[in-house]
């Protein structure tokens, strides 16, 4: 597999060509999961005609918010149950003050878990084609794809025709 | 990139971290261990012998019934018995020395509360608590040993189990802190 | 005495330092293990962790209140009032409360000292074996007339002992002086009572039951005679009797705490008090229709009102109210006695009481049934002149600090130089002690035995008993013991030691009976005496004064002020005779009227200050022919604009870390002039005030804004 | 060569402005990404020894002024500060509120403007977010500094202890603690998330330790679709969620005061009043910092242009007006309400011995912005804006000073009225945190790309000039 | 949990008509409660540690000028503003004694309670105050010596309350009226301060507290103070 890995780099203003290239690759029989677009600027999938990518970050965030809420509840109610202390003639379970704590902790849970979601998803293994070139962060758009060796020629030709700069894995500097 | 190994991959770094960690851990463990040791007493008083012979705690620590401090026996009290019970031992020699010099015996109290805690023996005795409940089994100790974990949670553990009509009073901060 | 020794032995002090250390660590992490030393022998009444209470007598001022001192593990913890004691009934003043700070003052003299040369502050420690022969030879080898004792005002056992000793030796009787006595005009009051009622005792004013009270400069809520007693009475005057609230009118140029609590404060012109009393007497006589006040008949009341700066209407109103009150009472105070006509004015007050027929009646004037003796100021002056002539060979000073307490114009300190031997019994290195050859420190009151004959505040014959509540902290000796030991060889005194002396002195009480307890013999009596903290009768026992001599009308005594001159008022504060200045908590207790702490101030009326161009905290110089002092200004709205006032008590140059170098001593500007009774007429001092351009912030407890001005 | 590029940019922009060329706006003045990357990295890496000496001196000052004085205060007691009853809170809390206020700008500029798609935000969001984080870091020190017993500060944290005691969740200080923790964590994350692609950019263009540093921080960023999606989602969640957090933080800080019995504090309007004040001071601080960055860092004149000062200046004016509205509201109603204590208090603010602080507040917060910021010329002049915004922050400091010690000093009992003078220790610590802020900013400005290049490029992609009739009209395309 | 029988409890009445302003209460409090002195500079800066202060405000203009003395200490509010603001429960309400407690060792020193006390009744240990030996000998062992960074205030002499209750319980009887007195009331020469059990309607203190001269400090705040004041007898100034 490794040998059959390809990266087609396009210049940042060759957006149309990128879309075209993707379409062409598909036509050539590559499936969506064999391809991956890497870019220095976010482009929505629609622009490039790619399927929607998929992330669990919002769900993790929601779950985190839930945890935060529960922690807040536990602190508001549980700690008072452990050692009830009367202050300022207030009831043991004052609702207004617990709202403040609940809000803060829920938000804390939400925000931290959002980050954790990003982090976990980043470090968890992904199955798309691997590869990278520093030119990406120079605004280049790259199409990474796996293709059977026999198709190499054809694909390369097609991409070159669209103005892509083709880079083989071995040329990618190891980081 | 010039050095193939990152800082945290070098042995020196890892050993350094381990040493620092060990020092901290060792310090903490040692600190805990050494403060839990019974202190050096002027006389190795054998509680076990006295309790074994049937001496009542309150005979030597009479303040416990009536006030905050149980009190340490004066040497006249020790000597009152030991003049009669003439058993020579190096510890008794020391006692005799203190008595002849009319010097107070510099006992080191073991069960002491911090200064911001006002503990009173009397109500605890009045509530029917035994000395052993807090001070441990003195029949098994020579010099008194500190009991572990006697912190506020430990106090409250007991206080919160008391009768509900007393609960308000017993869980009140002012009962110990003023 | 064996009993004495054993009792003292009981109060072992061992273990104190560690216990105190434990107390000190306070909130912080307590050291895990603290060494505690239990008693070798436990005193039977002592229990670790439990308090023991001792009854004793307060000796902070001559009033002689009864105290209960809480002790624990041999330490005196807290001073409380003795609830049964018929002077203070369980109450104490700030002064008495800080007695423990005197006892535990780190600046105490810790043993007998010999000073290399006077004023050098270089001391050599000596022991009592060396010290006592010095006293022996001073007492016996000198001409009896060359031996003088100067003592405090307290009517205590030591005075009785010294009086006996001087009598035996043929020396002049001990002189007694206290700045407090000067401020309350005690000699003048005694003299006036003697002149009118022919008794040598102090009057007792039944303030509690009076309903219309005139006070002429009597600061009975602060230091006058028996402040705690009179404060209690004041409480009763206000709310003691349901449905009745006594009315108090105070005549004073500067509003004292007493005047502040009065319903009316009349800022009378200093020196015009006598005239006002005469005018009141005339008016009251007119209202009551009493003949025979002929002496006053020529008095022009309107003229008097004008001189004294009171409205005539007010004066008439007061006279009316006074004459028609059920229980009128007029009280003569120290400010009244402090003028050249002080004696006449005081007498006139006593006579005024007689005129409204309140003598010996509820809410009226009584006499204390015991004899009071006080040295008047001219006697002190005589002593000073004898000293400067070198006639005094040995001077013993106890319980008074004359270098500080006497007006410097009197020249005591200079005269001291001509005395060959000066021995101070002070517990603290005070100004006088530093001018003496030897300091042979007495115990502080809480460490010592004694009694005090209550001569001012009790409504019955009362003695207070002092006993040591703690073992003496340092190598100090009771002065009575020192004197007795010194004279033991000579056989001139029939007493073994101090306790023996006390017990023998108590024998008359035991034999006379009538106390609230009786005892078959002295030892039982002694134990009850100590237990109750004294002896007194169960029922009131005041004397009804009688005497109808009409005193002469007081002469006018109002000085004319030049431009830039002011009447000068000085008054005692919480520090009493000034010896309280080394108590940090007395220093930190705010002055009631000004809330100033830790320093001296000059009270100036805001209008006057504006004219002088000074504001709060500006330092001004107060000068009189006698001297000059400096202090920061406190704008005091309750003082006559032509008067300035400085409190007395600060300005120490010695007496320990908390007293030294704070404020100024107003006695340095007092002129030495006397009233008819021989008391110092300090109220007649005229001063001038000059701004120095400097400023020094006073430590005020109150805000610098808002407390007056915007709060009308 | 580099200097040439800079001055060229300057001159160019000036010319654009004169000609009202749309290219005066960064979004219509695109440059190749490569060049922008180079410019940003150059700005980061060109430092002179003088710069590091300054950083060193600042570090020393932080150690000395802040930690030295603080340590000394811990050893001797909080009494070294000038606080005294009844003014228990002094300049520490003033500076605390000040920093928390400053920290609002980052989130405001970046989250709210992001939500509302205000495009001018793009080049300086990072600078503002950095300010948030460091402002919070400096501010969060104060609740610790002002503690009487800082060594037991952890008792305020919710953790189970042997005593079964938890913090008191009814105390505004615990809310404060929670809110500031939340805000500090979330704003740091919010700073970090959009930074990842730029870190990757830096990773690809650096050598040595910097490469390592960026490699670790960029979390292996490649820029795949999934990564971008995650980032966009996360940023989206953050942009929406951090706004209420931001509002809550300063509301809660205001509740430290409002949820009390103190006359002059106990007011329901304090929450929004503080928020508006915070944003006013925060946005002003952003301008101040942008000016400094623009004039000290290389190539920044390209990214930060007069148009940004202009836009932010409008915001400042708006918030100055809102602040004045709240202030007037507060003043009028208390004055009208007739509670004598508060009226006395207001009198003291305006006529008391510290009245100059009150007037400073009004002049700096109202008079100066109102008199100047209506003018576009002034708004677009970075130097003028620098001075004005600096003054506004002086004014906001004065506002907090008026609200805290000056209000505490005149409470219900005239017997206790008093004044408060900051003492040396306090002033030293306050200056120390200013040094700390500058120190951190200076260090980090050389460590992370201060301009979010990818965001700028994204914006430039979306902005085009469309020919409508005879003129070219700027138009924006929604790319996401 | 809440013991309804105990809602009354300790109260104090201060008769400002009797009060002479003599400051005995201030000193008595200091001597009982181990209150340190702070020295001229600190005390002058307003950092004196007095738990009770006598507020002196002038009324009227010379010559009809008269000060009003109001001894002010912690009012032991039922709805204490200081309590809920403490983040660590260092100042809490005692349900048993119905007073306001300060737990010194729990205090972290935010001084929030000090700000929020409308009576300015709290004092703060800005420094460690020394009791130079042997001055420390008189320290009351029943009262914690506070260290720096800790807030403190009048406790109604809770150590005396506990001692009294302990004594009564040991003797198997209820606490007698007047048996427990705080140091200020004990010392007050004019008997202006009366202390006792407010829940006992027969006690001296509740008797006096029903006087028609009664008033409270800052009643508009709804703090339910446990200290009642009695008005003075009227001023001639107006």
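Order of writing sets the labels: A, B, C, D and E. Residues in every chain begin at 1.
Quick note on the criterion: a contact is a pair of C-beta atoms (placed from the backbone, for glycine too) under 8 Å apart; a residue touches a chain by one contact, two chains touch by 3 or more.
Being a predicted model, the structure only gives us computed values, none of them experimental.
Summarising the inter-chain layout, the chain whose CA centre lies farthest from the centre of chain B is A. Set against the Cα centre of chain E, the chain with the most distant centre is A.
Innermost chain of the displayed assembly, by C-alpha centre distance to the whole-protein C-alpha centre, is E. The interface with the greater number of C-beta contacts, when B-E is set against A-D, is A-D.
Chain A and chain B have Cα centroids lying 60 Å from one another. Centre-to-centre separation between chain A and chain C, using Cα means, comes to 89 Å.
Centroids built from CA atoms put chain D at 54 Å from chain B.
Between the CA-based centres of chain C and chain D the separation comes to 66 Å, rounded to the whole angstrom.
Multi-chain contact residues of chain E, defined as those touching 2 or more other chains: 1-2, 45, 53, 55-57, 81, 84-86, 89, 92, 95, 104-106, 144-145, 150. The set of chain D residues that touch two or more partner chains comprises 163-165, 167-168, 170, 174, 414-416, 418. Of all residues in chain C, those that touch two or more other chains are 23, 25-28, 49, 702, 707, 711. Of all the residues in chain C, the ones that touch chain B in their complex are 14-15, 22-23, 25-30, 32-42, 47-50. Residues of chain E touching chain A in their complex: 1-2, 78-86, 89, 91-93, 95, 224. Remark: chain C residues 702-707, 710-711 touch chain D in the complex.
Taken together, the chain D residues at the contact with chain C in this complex read 344, 352, 410, 414-418.
The touching residues of chain D, counted against chain B in their complex, run 161-164, 207-208, 211-212.
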